[in-house]
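Below is one structure, written out as structure tokens; the observations come after it.
Chain nomenclature is as follows: A, B and C, assigned in order of appearance, with residue numbering initiated at 1 for each chain independently.
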Amino acid sequence: MKDTAGYITEDGRQIGGTLMEMRNITLRFGGVVAIQDISFDIREGEVRAIIGPNGAGKSSMLNVISGFYTPSEGEVWYQGKKRPPMKPYQVARQGVARTFQNIALFEGMTVLDNVMTGRLTHMKAGIASQALWWGRASREEVENREKVERVIDFLEIQNIRKTPVGRLPYGLKKRVELARALAAEPSLLLLDEPMAGMNVEEKEDMSRFILDVNDEFGTTICLIEHDMGVVMDLSDRVVVMDYGKKIGDGTPDEVRGNEDVIAAYLGVPHD
Amino acid sequence: MFAEIFIDPWVDMFAAPDFLMQVLWEGLVSGILYALIALGFVLIYRSSRIFNFAQGIMVVFAALTLVGLHAMGVPAWVSVALTLGVMFVLAVTIERVVLRPLVGQPDIILFMATIGITLFLIGLGETIFGGENKVMITGDLGIPTGDTVLEPFGGLLILQHLDITVVIVATLLVIALLAFLNYTQMGRAIRALGDDHQAALSVGISLQTIWVLVWFIAGIIALVTGIAWGARAGVSFALEVIAYKALPVLMLGGLESITGAIVGGLMIGVLEKLFEIYWGQPLLGGNTETWFAFVLALIVLLFRPQGLFGERIIERV
Amino acid sequence: MAHLTKGADGLRSVPALLARNAAQYGRSPAYREKEYGIWQSWTWAETAAEVEALALGLLNLGVNEGDFIAIIGRNRPYLYWSMVAAQSVGAIPVPLYQDSVAEEMEYVLSHCGARFVIAGDQEQVDKVIEVQEHLHQFEHMIYLDPRGLRKYDHRRLHQFSHVQEQGRAARDEFTGELNRRRDKLNYDSICVMLYTSGTTGKPKGVVLSNRNIIETARASSEFDHLKPDDEVLAYLPMAWVGDFIFSIGQAYWSGFCVNCPESPETMMTDLREIAPSYYFAPPRVFETQLTQIMIRMEDSGTFKKKTFDHFMAHAGKVGPDLLDGREVGFYDRLKYRLGEFLIYGPLKNALGFSNVRVGYTAGEAIGPEIFDFYRSLGINLKQLYGQTEASVFITQQPDGEVRSDTVGVPSPGVEIRIAEGGEVFYRSPGVFVEYYKNPESTADTKDQEGWVATGDAGFIEEASGHLRIIDRAKDVGAMADGAMFAPKYVENKLKFYPNILEAVVFGAGRDRCCAFINIDLAAVGNWAERNNIAYASYQELAGHKQVLDAIQAHIEETNESIAQDDMLSGCQVHRFLVLHKELDADDGELTRTRKVRRKIIGEKFADLVAALYDGSNSVYTETEVTYEDGRKGKIKATLEIRDAKVVPVTPKAMAAE
């Protein structure tokens, strides 16, 4: 079986044991097979990317990990245990935070409130205490606010703290979404096309933030991207998907040399 | 005719400022209750897109339960606690039996479901408590009944202690609700769910919990309004109408705006009273309060379809 | 406070002032900084302790007396402490502009031979590392924000807080040495070295002594009655002499509190929260704010707009008189009060100016409308005229004698002389010691008797004794027919229009003047939006026919006003074009303080200048630009050239004067 000792990356970071493992995942929608018998693992502390051309099933895979889809076949193992079918909010409470390709923020709320919702998974005081027992709830509120302020500082969005999210430009919304996910102090951070629709400068900013998150907090990150260049620079290991199948898995260099991958990206018909 | 419409009312107001204050006060008392009820609607609408037709009957049901329990010999405050318990059970039941199976159905189906809830509660209420009018247990709850007479501008202003209590309690409840929504994590979760379901799920918000919570809040509001209105008008199925007063408030304030519900409620309460006293009674023979609010709301909607406080809907291509 | 007014006798260095403040105002706030959404603050006593810990840490790292310590970063208390700590150990702080590119930094760092660098964050650290191979004297770097720096080689890199910790740990070993060095500091010790960006050539290191800084701080603090409970917001570059005087000189002399914003982007919010009592901003900041207010008022409802206009008109009528304490009728006074309640108060509050007791602007000419707007609101905005070489103050406006067209009377202790050609000279206790390692320039600028050439041409108004500045002395040239050519004068007039961000006027040695215009994207963009004019880029908007029409109208109006002035009527703009790109410091077209570099622009856009003078109606051009990440690209454009109406006059030749 898989070793649990981890490995050391090119830039000298120690990567830990397996955090999440997908075992023979298949996902069907009616007759359509979105994911076909895919297995791979995500290790603690690494930046893992899933890449592939449009329609390869990357987003479906991310939705399986985050509980938005339940796989038709196969098992999801998380933190050493087999994960039973779960609702997305339950997955979130297990420490898996995510962002969305098309940005799903609470548009009517301020940036601060949006990021504060990221702390919901850490809510200890129950509904009753929230409403009545102010002591505990308000102490928790202060703690949450402190954590959230660090994230706001980290992502350099202090100037828009009190701005309603609906008024922000696209690039900043993406950053706020990342902030909300980070506020959850996740064990696993899922990023669905974090650079989609960004210009070069915004992409560079976002790349820097992703690397800094991994570096500063040691957060395990799994991201989807179709911009090969960005992915290769960011990630430690890459899964390549095409037509719902896994066609490559390894370090960026290994994947770059893989013929199936080249074919998929250059559009050479495979048979 | 011109003078009667455009001049006399203002003259009357200035001639007897004490009476004007009396009218405004009474408008304020109803207004704050309208605002409370509208808040209940807004919370449920925001978190589940359901227009809760059953809000009115919940008022009746809460009041009936309270009075009924007391009639069975339960002490007044224990009855209040038990009624809250009943409203909580009702919220859980509605979520389990009605909402959960209907998740994802078109809005109109969910709206119909709340009509179903209404009919069910009418039946249940009549079966358990009977259909006859009852008297609110005002005295047993320790709500003062006397009045205070003030003499502003050398005139006369009578403040019923009951009304004062209602205003204080309702205001506190509104403030508490606002604080809950704005400064607690649960409150943020409620607002978040109203904005984006998918995102709410991703940060660990459970739809079921929030739904039970907002229906329970609606239940608490129903109980408070039930006691307040019941103390003035008696407890009967006619109490239901107070909930329908919330409709123009919602049209005015917008279905999704919390501020809108509060301001709209107060506005309608005060304006309908002013209109009734200064225009309705002298010119139209009175009883304008039944329809004035709706007409006002319609006029506003002509100019601002999104309501006074609703988000302007901008279609983007 | 008798102790204070006794003069700077016992207080002959900034560390000595710090010691006095710690003893005298120990518990009042010295610094505030917003971090993690909360204003953190340090008292004078705490500041003294922080500075001492850092100073000990610097000794521990091996800082020698006379070493140069470069300081690079945005305004943060830690970096101000770094300057004072450097002084405490006998080293010389050299603050650098944080937006300098690596090559610019390399020049300054190697010119002063900095052995140590204290940098704000990874961005600054990276720039220094990029050029460190060429810096032979550079040894250690200290950084504030550890973010992103964990994996760096830490043999010569130290975290600020660790240096302080080591300093505290080594207190016993080094306290004696620190005291010895601190006690040696006197009026002739170097206080700071500041590099002037200069409109031409390499930057020069201006050496300022403790005498320069402390005497200037004392005189100017007394001039405006600055007190320990004043508040300033430190947001202008730390490398600029003004910030050094306000945030160190005057702050330490008067003992007031220096507030640092959370980040450059939150400056406006922080300004509102702090509501400083003493405020400085270059004209550009006031201009931008006024433009924003006007844009918002244009967008607001009719009623609001009407009320605003009505009360602003009233403020314009009586506001300045009220501010200067002149007689104003009872009704006008009452109406102004109402306006204060309805409009001025809330507006000042939104701008962060509710508590401003003394406000200054300088560096460029400020538009009279802009100046009057703020003064009519009751904000005591004044002008001063200064230079790095003078430790800022040359002239300033006393309360009650404020006008937009002068720069005031000589500051206390300053003598002024106007030379033959109109150039302004001054002599004062603030006059700099020398340009570092540049005796020729020092001699060119400062004569034996201590008179310094400002490089500006101007004259003293007979009636008021106020100084008026026309232009840079070397920019005041002659046109082909010998008429006076003062481009800055014309450019400033043009820039007073909100639509015009920058203007560059050419005409030296030629028969007529022509101009490049940069439109203000905020103002013109907003106008375009309101008039449903679609545009995809700055370039497209700049070339729009209606925009050109508007600019042409502005120029013709300006020409009419210039024609009024006998000496300068030859400077009317005959032809103009609107540039296809914004002039940018990164492309070398502006200085870091955003002054136009006329010569460089003239050379870079030689084809456009030629077209202005050869009578053609349009010109095609390609321009190389540098993006923020350092990549280069090309912009291509065809620009329309227009003629502007001029008022026919016969300018007096300069010789006739």
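Everything below uses one rule, namely that a contact is a pair of C-beta atoms (placed from the backbone, for glycine too) under 8 Å apart; a residue touches a chain by one contact, two chains touch by 3 or more.
Worth saying up front: this structure is predicted, and the values here are computed from it rather than measured.
Chemist: When the mean CA coordinate of each chain is compared with the mean CA coordinate of the whole protein, which chain is closest?
Modeler: Measuring from the global C-alpha mean, the nearest chain centre belongs to C.
Chemist: Between A-C and A-B, name the chain pair that shares the greater number of C-beta pairs in contact.
Modeler: When A-B is set beside A-C, the one with more contacts is A-B.
Chemist: Cα centroid separation between chain B and chain C, in whole Å?
Modeler: Those two chain centres are 58 Å apart.
Chemist: Starting from the mean Cα coordinates of chain A and chain B, work out the distance between those two points in Å.
Modeler: Taking the mean C-alpha position of each chain, the two centres sit 43 Å apart.
Chemist: At least two partner chains per residue is the criterion; list those residues in chain A.
Modeler: Expected reply: no residues.
Chemist: Quick check on the complex: what are the chain A residues that touch chain C?
Modeler: Touch residues, chain A against chain C: 11-12, 145-146, 149-150, 152-154, 156, 158-159, 161, 200-201, 204, 208, 212, 215-216.
Chemist: Using the touch definition up top, name the residues of chain B that touch chain A in the complex.
Modeler: Within the complex, chain B touches chain A at residues 176, 180, 183-189, 191-192, 194-196, 198-207, 209, 213, 311.
Chemist: Quick one: which bits of chain C touch chain A in the complex? Just the residue numbers, please.
Modeler: Residues in contact with chain A: 34-38, 147-148, 150-151, 262-263, 265-266, 269, 627-629.
Chemist: Any idea which chain A residues touch chain B in the complex?
Modeler: Against chain B, the touching part of chain A is residues 66, 68, 87-90, 92-93, 97-98, 100, 104-109, 113-114, 116-121, 123, 127, 130-131, 137, 140-141, 144, 180, 184.
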